[in-house]
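Naming follows writing order (A, B and C), and every chain is counted from residue 1.
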Amino acid sequence: MMVTDTDSSENVFNNNGGGINQVEEKTVSLFSINIRNFLSNHLAVFASIIVISAIVVSIFSPWFAPHDPNKTNLFLRLQPPAWMAGGDWHHPLGADHLGRDILSRIIYGTRVSITVGFSVIFIATGIGILTGLVAGYLKGKFDIVISTVVDILLGFPYLIFAIALMAAMGPGFQNIILALVYKEWVIPCRVVRGETLAIKEIEYVEAAQAVGASRFHIMLREILPNILSPVIVVATTRMATVIILESSLSFLGLGVQPPTASWGNMVADGREFMLEAWWVSTFSGIAILILVLSMNVASLGLRDAFDPRFSES
Amino acid sequence: MQIMLGDQHVTPEMEQTLRKDMGLDLPIQERFFRFLYNASRGNFGRSFFHRRPVMEVILERLPATIELTLCAMLIAIIVSIPLGVLAAVRKGTIYDRSSVVTAMVGVSMPGFWFGIILIILFSINLHWLPVSGRSTFSLSVPSVTGMLLIDTLLAGRVDSFIDAVKHLILPTITLGMAMGATLMQVTRASMMEVLKQDYILFAEAKGLKRRRVTFLHALKNALIPTVTVAAIQTGQLLGGNMIIETIFGWPGVGSLVVRAIFNRNYPLVQAAVLIYVIIYVLMNFIADILYTVLNPKVRI
Amino acid sequence: MEKETSSSLPPLLKIENLSTYFDTHSGLVKAVDGVDIKLYPGECLGVVGESGSGKSVTFLSVMGLIKKPGRIASGSIQFDGRELTIFNPRQYRSIRGKEIAMTLQDSLTALNPSIKIIDQISEVLKEHDREIAAQGKTAIKNRAVEMMKLVGIPDAENRLKDYPHQFSGGMRQRIMIAIALACKPKLLIADEPTTALDVTIQAQVLNLIADIRKELKMSVIIITHNLGVVAEYADRTVVMYAGQIVESGFTRDVILNPRHPYSQGLLKSIPRLSELDKAIHPIPGQVSDLVNLPAQCRFFSRCSQRSDECRKDIPIRKLTNHGEVRCIKVEA
């Protein structure tokens, strides 16, 4: 993989001598993440820290959570958060209708969101890259078949498709991942296919062909590194959407089943008690909001870091 | 089969007849074609739950969904396009930054949660707006179009009209939020692109008034991608509809479908999915047409 | 074709020590740095330079069209006795299109693709010409047709409702000129009027500008990198390099006897039909980085005549023939 820490903020008037070579250099190393630029974007860095923290929390939930998320205690039923009357700091964010600590459930809920988010994106992007490369590079029959499938899948509104699938497959952790992957892979596929088609024309691919490299080799070594930047940017943006989708499905009860905590079903739980206990729904939703917002901001920063020229000054 | 019939007492013969009637004994391709054939003749089968033809049930609740969707679209457009223009024209200022931040938050919020928060805030705590439903029974009016906003005005009942509006506000805001946020971002980006163009410079070099340059020269071009996105987004609103309607107890097709899924009322779900897909494809088609109409370069 | 300047009249446009800077991410770009230009009524001035020389930015500054991150850092711009640098946006808008008009290089991008030609012409009239505006739509339309005929658009009446992309490149350039001249401005600034055009059309457009100039007794500034254009049509010529004027004078003098090494290089690099067998002599190197300019002659790195005494800020000096040069090697 070519990861060049090049200073891509070139000044139009840069005098490097030898004009033609300069142009070639720029187009070849399309995958060059400008780390310096990213780090100077304080907001994006802050957002990335939040995302990373979420990952850490999801892995080390037992260490972070003050209580067992599934431990019920009917004495504590619907206890308000600590700063309100009737609350105490043992349960900082209060307790739900079964007396379970909300804070701990939110912490454990991170597992569901993060795992589903990353799994879906990894798998979908993997499939997408494969199919996209094949469709874009090999064209012909492969392209027609793959593109038709993509178009059909795109024709379905996302949520409806997912719900229909879940209804057919039944709820559950693995099924959610599957259902979401089913629709999600078309997006990286489309991106990869487009980029592959564009890059195919550039000379160095022809050069490799002339030397006799196998098609597989070309796809892997020449094309792939250069389409990675848009793919990564798309993947990070989609992760945010996938997390919202997962929580929507969980909200409807199609996600992980009780008593496992997921942010979506926590909001659903609280809905019955909106009148007396607003905190049951509110805080889990805030967690979703924070994670998704951070992902969006971080991916925006990532996009700018890959190619500062395209950011808005 | 068993689940669908619920707790009615079923004899094996009944089951057999039902199977045959529903065509479940035929191979899958045949079932699919049968479905299409029946569908094209408007026959979607009967819904078990309601013991009425599925189509009837759906059509009955359609106006409610349409009313909600249209209102959400309208609000989203009215709010986000001017904000997007403002953000682009005053790039880098507080207007720009705050619009971008709001849009980002709007996109990152789960719709179902936002709706619940709104209910908690405005209905439960402040008692300004009703918690759910579409109207108060005592203020009903005869149904002409099925759209309460129109029917209440037709019947001359201002109090019913206000009641209908009050019920509409929260669901509309919730549904329109996601669409509005994206629309604002698209408008802003598109406007910024347009403002960089030479023809804007030339228009200024002509000494034209600023307002004319912004709205006639710039916006006219900037709206082209915006409108297409709006059309496509409307198709996607259909998915969001289901959850929002459920939360607000809105008697539309969305909440109907959600319940049908849980009740395993397959004929209804099938019919609904088909309708949704058709509308979605239709909206994309409309988006294409709009693009052609608005962009003189592409017109035939 | 030459025309003696009416140097008895005061200059229509007087640019004094103009500096326009851009605050970019990479640093401060001094796009225009201490430029002095005088333009007399009825005169045609050629401004020659390559990309990055500051030629366009200078006149965008005159029009008040420099936007963030650019700013006019210092200097004065006097037009028809008025000081433009202290104008507010409203005042600028009252003279743009009416007293000073500008055309741009690429006619395809300069005309709004979504607005009909008739509207793009008539809006200038409606804005600046109260008389015509008062006379109503038909009067405006007639004037628009008049303008289009003036610039040589065939079948003008029927083409009013067309959009820019329905015209050829040469036609569009003419339409731009029609728009610019609709209110009979005192000064026309033509930025690269021929660059995007075929060679045959170039001559047509330039002749058109020359004819109209005679008729309206207008002053014209032609910005170009093409010396041939300047040689044929400009009374006086200014050569710019890296934000500064390096040579100026009567076109005849600058073309036949260039004093600055850069001007000399420019002339030498034009391939001539009569010398097909000789090698082409481009000027080696590229324009220097405008961000970190050392205090020396800006042409230093590419100059064949450079020496150590060139390593300081070079002022511009007057020559005996009413010209100016910015080079120590030249005797006044």
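Here is the rule we use: a residue touches a chain if its C-beta (ideal position, glycine included) is under 8 Å from a C-beta of that chain, and two chains touch if they have at least 3 such contacts.
Values in this document were obtained by computation on a predicted structure and should not be read as measured data.
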Problem set entry | Among all chain pairs, the one with the most C-beta contacts | A-B
For this session: Considering only mean CA positions as chain centres, point out the chain farthest from chain A.
Result: C
Exercise. If you average the Cα atoms of chain A and of chain B to get two centres, how far apart are those centres in Å?
Worked result: 25
Exercise. Chain B to chain C: how many Å between their CA centres?
Worked result: 54
Problem set entry | Residues of chain C touching chain B in the complex | 63, 65, 68, 89, 92-98, 101-104, 106, 109-115, 123-124, 127-128, 163, 165, 176, 179
Seminar exercise, completed: In the complex, the residues of chain B that touch chain A are 91, 104-105, 107-114, 116-117, 119-120, 124, 192, 235-236, 238-240, 242-243, 246-247, 258, 261-262, 264, 269, 273, 276-277, 280-281, 284
Problem set entry | Touch list for chain B against partner chain C, complex | 92, 197-199, 201-210, 212, 216-217, 220-221, 294-297
For this session: Using the touch rule from the top, collect the residues of chain A that touch chain B in their complex.
Result: 155-160, 163-164, 167, 240, 244, 247-248, 251-253, 264, 267, 270-271, 274-275, 278, 281-282, 284-285, 288-289, 292-293, 295-297, 312
